[in-house]
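Chain IDs A, B, C, D and E follow the sequence of writing; residue 1 opens each chain.
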Amino acid sequence: MPLVVRLRSAVCLLGRFPALAGVDLDVHAGEILLLAGPNGAGKTTLLRLVAGLVPLYSGEAEVLGADLTLDRRSARRHLALVGHETFCYDDLTVRENLRFVARASGGDGGTVDATIDRLGLGAVADLTHGKLSAGQRRRLALGTALVRDPELLLLDEPHAGLDADGRAVLHEIVAAAPGEGRTVLMASHELDLARALATREIRVDSGRTSLPVGGPA
Amino acid sequence: MPLVVRLRSAVCLLGRFPALAGVDLDVHAGEILLLAGPNGAGKTTLLRLVAGLVPLYSGEAEVLGADLTLDRRSARRHLALVGHETFCYDDLTVRENLRFVARASGGDGGTVDATIDRLGLGAVADLTHGKLSAGQRRRLALGTALVRDPELLLLDEPHAGLDADGRAVLHEIVAAAPGEGRTVLMASHELDLARALATREIRVDSGRTSLPVGGPA
Amino acid sequence: MSVWREAGLVAGKDLRIESRSRVAVSQILPFGLIVILLFAFALDPDRGFLARVAPGLFWIAVLLASLLAIGRAFQTEEQHNARDGLRLAGLDGAAIFLGKAAAIALELLVLEAILGTGVVLLYNVSVHGIGVLLLTALAATIGLAATGTLYGVLAAGIRLRETLLPLLLLPVLAPVMLGATRAFEDGLEGAPGDAWPWVALLGIFAVLYTAIGVLAFGPLWEES
Amino acid sequence: MSVWREAGLVAGKDLRIESRSRVAVSQILPFGLIVILLFAFALDPDRGFLARVAPGLFWIAVLLASLLAIGRAFQTEEQHNARDGLRLAGLDGAAIFLGKAAAIALELLVLEAILGTGVVLLYNVSVHGIGVLLLTALAATIGLAATGTLYGVLAAGIRLRETLLPLLLLPVLAPVMLGATRAFEDGLEGAPGDAWPWVALLGIFAVLYTAIGVLAFGPLWEES
Amino acid sequence: MRTRDRLLDPRLSRALGVASLVSLVVLALFGLWGAPEDGTQKEAQRLMYLHVPAAWLAYLAFGVTAAASALFLWPRTRSLVWDRLAGASAELGVLFTALTLVLGSLWGKPVWGIWWAWDARLVTTAVLFFLYLGYLALRRIPSGDPIGSAKRNAIAALIAFVDVPIVHFSVEWWRTLHQKATVFNPQLDAKIDGVMALTLWIGVIAFTILYLYLLDKRYRLASLEDEMEEREVEAAIAERIGAPVEVAR
């Protein structure tokens, strides 16, 4: 199976601090890979590197066949990131935010209503982002990733802030991903929930990936 | 035992939306009370009302003996809130942020170093808030609450973003609270972890509190 | 998807946000009007050179208001890191540039029309050579919007954009302001012949910066 | 804890944030200098009235720069909702007001010294009556800082503070600007006698707004 | 909170409406034919009978706003009635200020040869206009706390009122193109022809009646708006609650 992500001795600097200090990582198509590790380990930085949002300082990085040092845009087109922030506009409604992302990614916005239903955002679909509660925002963030129908789904602590119902929806989405042709790379501190989903787990610590824990290699 | 929080038909508007639509709540001294409920139920609004950060539209609210409609300041002095945001300055370091809060609350900053140790922030104590990872920020937010040595501790999803180690620290802090003369009011979606701590649980839904679930009344 | 469709999408989004928040209409416009009032006050009307310096003051007011408008256009991208979302969407850099610049230019044109009316009434200016004035305003506005958008992205992502942007922009926009002022002066003095070189200069500036923007915005946007 | 200690704490925090981020030094100051340059451009030095209108232009530049400084002082309170943290700390409203205003006034005084030097050099102004000028600047600065802080909190918490603040502040500050301009004119023309009423007016304004601030800031801060 | 929902008895209000109509007609008769033509300004001077009352009524309206705001801030008289009154009066004040500016400009063209001059009186009046526009903008910002935002509004109104004396004394403090105070001069010794003075006073009375009438109407509108908002909120609460929930303590 082809490699979706391939990192070799990848180093990323935040300011002058090596948030990633030489990471090696292979992610295979169809995997659900869990990144676990303590606060400040570099999980968020790793996901942002793969998404092409922070630059590579040294080493090699290939995502969806594109070399990140040469061409970040073509990889970005086919992946989606749910980060600590929502990437949404405060003055647009839930529906408008989703439609904008869908159309900007080249779609026609036809899946927006289905996504709103799937995420249980029906009641707040016409409320602007600025008025949403923390959990409603997390659901919307998940929605903006789904409407793009990505090949690679990057999730940064997707459980945080979601209620039981939201977690069930998240579980269902991630579990269905391989069947829909998606690969998932997920950082989480909800180890029990995340492990129930993951096909493999990798530990990130002090800006390095260390021996994989559990799951098939 | 005296009532720490007493709400009667409390209504709070966000814009024109009744985020709290008539809440009755009694919190007794020394309790660890868990607020559970779906996304958008009004938990954050309830905590912010008790903290005197959102105004009461109608109803009665008394916190630590002070009537919130007349005097929010004197209640605020003796409580602390760990909210979705950190209330910190991006350009101040962890230590400076903690020292400012401690001194602004009338203390002399003598407990700052101990708090840094307790929360495992030693390695980043001289890093500015802007550079912290998500979990490090949550720890700092917890720290700003602790240095104030509050009688009433309000926690809004304190588990979110914390790693295993951070959760252990949180657990220890909350469990020790009654012994240190603190009352705790906590909203959380990590029900297993939170229930292990709580002495009582109340469900919040659609801006109302409903029947208590589990725990002694 | 064509660049034009993408540009339309971005411009539509920005204009919709403006129609919700009404920052330009209810805040930037009054700001411009008040600046015009202040100038008049500071320059002591008795001495009677207000009408003579009206073009310069008008363009300073437009410039200051447009700094606010540009700041606002990039502020919306920074809340909740929307900029990262836009980068992930994979829109063409040229399209983002054209869309944002078009939205800003539209807002500025409305602003100029109203501020211009204000200046004419308040500074007691008699209007001649309306054609020259309109062309000047159009060329200058395109220049302002293109440069502003380009520099807006240079300053974007920097935590202090709000205060840094004016610093970056003012020196670059000084020539636009100078050219537009001279063209307005000549136009108002009934010497449109003298104005044309200035209009041409503004036109060149507008084309130049639009071209630079179309080419450079993509890479800048990706890196910022 | 005394009001003065609390005010010192707040001022110290704000000045420390400034010393880290250097917004005032590296961005607001250059902005002011560029505005002064722009005026020179727009008002065409050949006609030779730059020196005469120098006081007015100086105070407009100071005013615009101080809008930025005030905006910045409240922007720091809005990141991560720091304002809520400050409210929870239970500081006295008067102390917060005095602390923030003092920090702003200090920054503005430095700014004025440098911009003033710039104006003298660029506009070719000859300086007389330095005593009047210094007193004027002091009174006007206190007035600017007090009013700015008071209005800063009126607009605080409103999502569009950045653009609303200038709108609210400019009309209130117009009299300060006028008074300071006239006092500078009289001072520079070597007629300090004419300047004193203006200085007195500025003094009254400063005292009045400081008093209003000390009384009103608390309730405003609590409600906003 | 229950508050007074009308300012005046409806019959009194109706009477005021009629009275303001009648007095405006009398003013027109006196202003256009009764009062003598001015020696130097000719017919243009007749604008005074509108311009000056408009300016004074603007002062009065802002004064009422300030007084009502102070009454709101005073804990013993705190009531939303004062907030509503302050808002209604400020709107009328802005209206009268706009009228003063427009009429002054119309008058300036024939007399001074220009629509607008950079004169202290004119500029401070314009500043006044913008100041209260800002105040009205501030009032419109929604908040879930009627008392809290009323407090904020009240403080803003008191700050803004500082400009009113500045407008009045501007002609004394600065050399101005605009006329110095002739009626309310520092000596309180009106220097004005008898019939002219009478006409001016008719204008002031007519405008005052009109102001009271409009104030009552605007207050009524505001209280209806508040009532409607209250009902909307109650409906929203009922909707949020949906089926009755068992309440826990």
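We take it that contacts are C-beta pairs under 8 Å (C-beta built on N, C-alpha and C of every residue); 3 or more make two chains touch, one makes a residue touch a chain.
All values reported here derive from a predicted model rather than from experimental measurement.
Engineer: Could you work out how many touching-chain steps separate chain D from chain E at minimum?
Structural biologist: Steps on the shortest route: 1.
Engineer: Chains shared as neighbours by chain B and chain D?
Structural biologist: Chains touching both chain B and chain D: E.
Engineer: Same or different for chain A and chain B, when you check if over half of the residue numbers at their contact belong to both copies?
Structural biologist: same
Engineer: Skim through the chains and flag the pair connected by the most C-beta pairs in contact.
Structural biologist: Summing C-beta contacts for every pairing gives the maximum at C-D.
Engineer: Measuring centre to centre, with centres taken as mean CA positions, what chain is farthest from chain A?
Structural biologist: Chain E.
Engineer: Would you mind pulling out the distance in Å between where the CA atoms of chain B average out and where those of chain C do?
Structural biologist: Between these chains, centre-to-centre, one finds 46 Å.
Engineer: How many angstrom between the C-alpha centroids of chain B and chain A?
Structural biologist: Here chain A and chain B have centroids separated by 29 Å.
Engineer: What's the distance between the Cα centroids of chain A and chain D, rounded to whole Å?
Structural biologist: 46
Engineer: If you look at chain C, which of its residues touch at least two other chains?
Structural biologist: Each of 21, 30, 34, 37, 41, 43-44, 159 in chain C touches at least two other chains.
Engineer: Show the residues in chain B shared as contacts by 2 or more other chains, in ascending order.
Structural biologist: Those would be 14-15, 17, 55, 90.
Engineer: Residues of chain E that touch two or more other chains: which are they?
Structural biologist: 123, 127, 130, 137, 145, 148
Engineer: For this entry, which pairs of chains touch?
Structural biologist: Pairs of chains that touch one another: A-B, A-C, B-D, B-E, C-D, C-E, D-E.
Engineer: Going by the contact rule set out above, which residues of chain C touch chain A in the complex?
Structural biologist: Residues 1, 6, 9-10, 13, 16-17, 20-21, 76, 79-82, 84-91, 222-223.
Engineer: Which residues of chain E touch chain C once you look at their complex with the stated criterion?
Structural biologist: 114-119, 123, 126-127, 130, 133, 137, 175
Engineer: Report the residues of chain B in contact with chain E in the complex, numbered from low to high.
Structural biologist: 11-18, 21-22, 24-26, 54-57, 69, 202, 205-212
Engineer: Using the touch rule from the top, collect the residues of chain A that touch chain B in their complex.
Structural biologist: Residue list for chain A touching chain B: 14-15, 17, 37-40, 44, 84, 123-124, 131-136, 138-139, 157, 160-167, 189-191.
Engineer: Going by the contact rule set out above, which residues of chain B touch chain D in the complex?
Structural biologist: Of all residues in chain B, those touching chain D are 51-53, 55, 72-74, 76-77, 79-81, 83, 85-92, 96, 100-101, 103-106, 128-129, 144, 148.
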